[in-house]
Amino acid sequence: MNEFVLELHDVAVTYDSRTVLDVPHLAVSRGEVLTLLGENGSGKTTLLRLLGLLVRPIRGRVVFCGEEVDFGSARRLLELRRRMAGVMQEALLCRMNVRQNVALGLRFRGLPKPEAQQRVDAWLERLSISHLDDRPASNLSGGEAQRTSLARAMVVDPEVLFLDEPFAALDAPTRQSLLQEFKDVLADSGVTAIFATHDRGEALGLGGRVAVLVGGGVVQVGSAEAVFSRPERADVARFVGVETLIPGRITGEAGGLVQVDCGEVQLEVEGDWEAGEEVYVAVRPEEIELHDDADHVVGPGRNVVGGRVAKTVPAETHFRVEIDGAAPVVAVVSRARYRDLALKTGQSVQASFAARAAHLIQRAGD
Amino acid sequence: MNEFVLELHDVAVTYDSRTVLDVPHLAVSRGEVLTLLGENGSGKTTLLRLLGLLVRPIRGRVVFCGEEVDFGSARRLLELRRRMAGVMQEALLCRMNVRQNVALGLRFRGLPKPEAQQRVDAWLERLSISHLDDRPASNLSGGEAQRTSLARAMVVDPEVLFLDEPFAALDAPTRQSLLQEFKDVLADSGVTAIFATHDRGEALGLGGRVAVLVGGGVVQVGSAEAVFSRPERADVARFVGVETLIPGRITGEAGGLVQVDCGEVQLEVEGDWEAGEEVYVAVRPEEIELHDDADHVVGPGRNVVGGRVAKTVPAETHFRVEIDGAAPVVAVVSRARYRDLALKTGQSVQASFAARAAHLIQRAGD
Amino acid sequence: MELIWNGITQALSLLLQGNPQVLEIALLSLELSGLATLVALVFGVPFGALLAFKVFPGRGFTVTLVNTGMGVPPVVVGLFVSIVLWRSGPLGFLELLYTPGAIVLAQFIIAFPVITGLTMAALQQIDPKLLLQLKGLGASRIQLVAVLLWETRLPMLAAIIAGFGAVISEVGAVMMVGGNILGHTRVLTTATVLETRRGNFEVAIALGLILLALTFLITWLLTLFQQRSAAR
Amino acid sequence: MELIWNGITQALSLLLQGNPQVLEIALLSLELSGLATLVALVFGVPFGALLAFKVFPGRGFTVTLVNTGMGVPPVVVGLFVSIVLWRSGPLGFLELLYTPGAIVLAQFIIAFPVITGLTMAALQQIDPKLLLQLKGLGASRIQLVAVLLWETRLPMLAAIIAGFGAVISEVGAVMMVGGNILGHTRVLTTATVLETRRGNFEVAIALGLILLALTFLITWLLTLFQQRSAAR
Amino acid sequence: GQARESAEAPEHKAIILATTTSTQDSGLLDELLPLFEEQTGYLVKPIAVGTGEALAMGERGDADVLLAHAPAREKEIVAAGFVINRRIVMHNDFLIVGPEEDPAGIHGSDNGAESVERIAETGTRFTSRGDDSGTHFLEMSLWDAAALDPGGDWYISTGQGMGATLLIAAEMRAYVLTDRATYLALRDRTGLVPHVEGDPLFLNIYSVLEVNPERFPEVNSAGARAFSQFILGREAQEIIRRFGVEQFGQPLFFPDAGKSEESVGAFPRDGPRGLTPAPGRAPDDLTPWS
């Protein structure tokens, strides 16, 4: 079933005559989960608003379920909007109690009271805010407010759901379990969801397609795995956490692998590129292994870069290690391995990665 | 130098006669970074407000730099408050442009205009929002607003800094680099910082002490490493991501290791406990290794639990694997290892962890 | 000062004796001003919402007009309404002059800009993102405005109080278009003025006090509601 | 209708000829009402802020009183001010009755509750978290209120417009306490009433129109400012 | 009101009576109108305004019947054909009152023109209504007679009604020309005392005028006629005669139905203050009551 719920054709949105979104084409299929990634101010919220028919493009067409949206007809817009629901980035609650806030969308749709109550109850329960139901929304904690905002959108059971960083203020365990539950709900109900987030884990956890925005344009769309492990541009690479980007130039091919001259080091990478092209060798940090000395690292299809530990940063499950050397490399090592290697700043290490774990990115002007 | 900047003695805060914070004692030393962790509604924001002298406790004493704070004296309160600055959870900007918002704290302190301008410029630059300086704050994107809010607090160069989830709306690369920079700034300037966050990575990355709040009480305070790897309570354990909690009972000691009877499995753990005590065996997921078959796993001081893969969830650098079996276990495996094991739901696996990687938590009534 | 004291005594005795004429006048005042405020709300609130949210050519000018309306002297309103309602005027055939209807009309014209202007100011204060959020939840235009009015209930109640206060206390226009006819169009304010002109200051003060007491009562009820919702 | 047209012509000719008497009256109106509004702002804004943010015993009653003040008939205010300022009254020695000072006093009493009440409603609309944020940035009480007034500049300007509108258009109290004395206390509204009573409807309309034009001008300036800041 | 149902309701019930404020402010209308309404079933809407405005209402046809006290102006609009049937109803008189000290030394005079001349000479304060009312017109004619054009700090033009002007005069310790009815009502409040009375010019004649139905067809001419007949009738004239005696110890108005302007003129000169009505002036037989 490749039915499109929403399509954008050559649309642009401006604020005060500044173009903040310019998308030649984007289509969202029924039932899919599309995650928007992009730096602050790149246009995620604006894209969600456009898809939610809340801003009017200055150019182009928005197609909803095959019907071109007429932004001039308030009545039709309202009908279409009632098939969707959105959670805004800020939890903008009304000066009512929590229950009334959650019931708003149902009230707007004229649902009979008893049914509305029942659905509200279910979602209050699900988001663990039942105990807050008669609290004025103005004195909730940040996370409680976000849960209320989330319940408010979920409760209307829409065809299309827009979520703008819906979990940002939630505590980690809740976020984790909610993400899981969310994924199940979406899979069960066939709801189409479009999701803006800054959390790479969330994007991967949701498992749908990912669209990366840069400066108001959609620069790469693909499966989460593809975008995260094979970003097509240097800026996307940096954004999805592919921090090792070694500039070089293709010298030729050997043994099915492209040979890249990166100044002090020569690297081998899978791919199909022509000699002479300027490229980056891109590697995800978790694909890079660290070793005490070079001896251990051998074999074809394995690249080695030497250097010194510049910085180590602890993270929840691992350590992030920056290495300065022939080429700057960022690796992620497990806590166990970190202990084994007893890494210290200034220590000399070898970083290795498989030829098939790296990929090449075109290096433009710079 | 063990000078305390802020001390709480037996304080409690209530809203509408509901006690939301009750802290027998908490002291913050000059120059330290204290991170507050806790689920939504646990009282982090309230604690920050109390330390920032913005709410009045109904009980107890707040001591600032050795001076007991007199909440009755507005003048003195103002003087003390001017030595601090806070970033609220929501970026509550005023209806002015970005520059004016950032300059507010300096204006309040009556700083001469040229110097104020200079400091504002520096922080706008630092947070990459120089280009927004004359934009009305009301039409910023979520992340841009949060940067503005952050700059507004940083620019006053306070003795004590309160940060309530200051990075929640920032994109991942910015968050990462800012966290780094932030740590450096704090270390250089000797500023005392108190920081509420939901991001475990941030808590670990900041590297100071961590205080965990549960239901308005501070239940564990210690170094980030200690709290994350040796949580003292089951709720804290769950909260810091120690998801494997196997209930059991101490049967005795053997080879310097406590023996724990967990029903279907017998485990060995380091520690000093008496036979008969009801405990949880707690293990961080990244300390757990997965294996295809039990043969590989041998040796003293290594526990093995068998089971089937219940669920795998991709995360940025790893996969999270839940295993159902003799005891529920959650492990984190690297992408490489995940590929090697070719894990599938339902597959039978062995989970192993070192006796010294686990610790015991008292199991109360339940 | 003694006068004021006598006025208070007189007011109490008028009230306690349940003087039917005073009662009738007081009720008429309430009725007419209440009706005028209601009509002004019915027209002023949607119009205020329009001015707050819609951008259209001539909007700025309209806003200025409305705001100017708050400063139009009621006597000028009275004069215009009179001219229009005169037998010789364009609406003379309605025979509305010197009837309660004329009073309501004049008071409506006085209250309308107050309520429109304050509604506009109240609604403009709303975060535009909340508008988007509500639209995103499927609010129709009317539902949107209804929720936003509830959001701004504090300044909206202030607007109602100000509008009602402006008309219940008005005398010049009411005198002109109503004629201060006993039993028909005499209200508390015109009666007060009449008694003042007659030199019956005590009675004037008594009537003024009764008007004050009435206004206080109504305002008290509205304020109670206003401040209770301030708590949330 | 013809009357209105004649009035417009007359207003134009009065203005274009620069009739000194009309000019003087118009200037006096502006001056007195402007001053009264200013004084009402000086007292009303802090008092409104107090009512918005402080909880104290009797607060609810005070709020009701202020709101009732919006509905006090100006003639009652005029009456009370007169009684107090009479030779025989407690402040008679000031010899203020029938002077511009008395007008300013009465107008101040009329504008004060309007400005206080609307300031309170505007400030109460503010998110309490913003208060905490500003305190957290080191705002003193006065700085806090200053920033919050800037935050609520739309409803605050509406308050100023409403207050100014209430006094520039008032006639009953001004007539009573000022005496409508030519060259001293005759302002546009009292002059309009006088001309109406004389049956000189054209002149009355002309004066009314001049008053409207003046109010429009002032309001236009304030509205310009109000709506420009609405954009942000 | 139930009382009004005693008479058969006429076809066109409402009558608009444009009147000067003095008749309403004194309370006279409150005595007369209920009786008229009860007797005839009409409903009177008295609009109390300045004399100028009242006459203007007649000129526009916005009233049905007028009760005014500016004979010269009344005659003008009769001549112009706007109103018809001007008939004298009653009179009272004007007087000049002022502070008890009498700074201009005019006490006891019966010559208005001379008195205002003294006031002007001494520069003593004088308050003028300045509102084109009957009183104001009379005052102007006094200045005319004295060949003066008043102005300056001492001359205070209030542009207000009689009551307000009296109050202002009291506060400013000024002289003022006033009608007797209003003065008596405010005598205690103001503390002003009469200084000049009895000038033949000081006669204040009230007339009733019907708006010309030929000029203004929408006018309730039957009602207007009924009202003017009523007020000129025996019962009404008797009420006018007695009105105020109880409260002030002297009448406020003197009934004059059927008289011409010339025959109204006789002032009783006895008594230092106030007028004593000449006996036997009841105009019973003078008014035809149909």
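Here the chain labels run A, B, C, D and E in written order, and each chain numbers its own residues starting at 1.
Note that in this section a contact is a pair of C-beta atoms (placed from the backbone, for glycine too) under 8 Å apart; a residue touches a chain by one contact, two chains touch by 3 or more.
Please read all numbers here as calculations on a predicted model, not as lab measurements.
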Length of the shortest touching-chain route, chain B through to chain E: 2
Chain B to chain D, fewest steps along touching chains: 1
Which two chains share the largest set of C-beta contact pairs: C-D
Chain at maximum distance from chain B, centres defined as averaged CA atoms: E
Proportion of interface numbers common to chain A and chain B (over half same, under half different): same
Longest centre-to-centre distance from chain A, chain (CA-based): E
For chain B paired with chain C, centre-to-centre distance based on mean C-alpha positions, whole Å: 57
Between chain A and chain B, centroid-to-centroid distance (C-alpha), Å: 23
Chain D-chain E separation of Cα centroids, rounded to whole Å: 37
Residue numbers of chain A (touch at least two other chains): 90, 138
Of all residues in chain C, the ones touching two or more other chains: 127, 196, 201
Multi-chain contact residues (two or more partners), chain E: 164
Residue ranges of chain E touching chain D (in the complex, touch as defined): 49-50, 52-57, 130-133, 156-160, 164, 168, 170-172
Residues of chain D that touch chain E when the two form their complex: 86-87, 97-98, 175-176, 179-183, 186, 190-191, 194, 196-201
Of all residues in chain A, those that touch chain B in their complex: 15, 38-41, 45, 89-90, 139, 141-144, 146-147, 164-165, 168-175, 180, 198-201, 204-205, 207, 224-225, 228, 238-239, 241, 284-287, 311, 313-318, 332, 334-336
Residues of chain E touching chain C in the complex: 1, 16, 21, 24-27, 30, 45-48, 60-62, 161, 163-164, 185-186, 189, 216, 218
Touching residues (chain side chain D, partner chain B) in the complex: 127, 129-130, 132-141, 143, 147, 150-151, 153, 229, 231-232
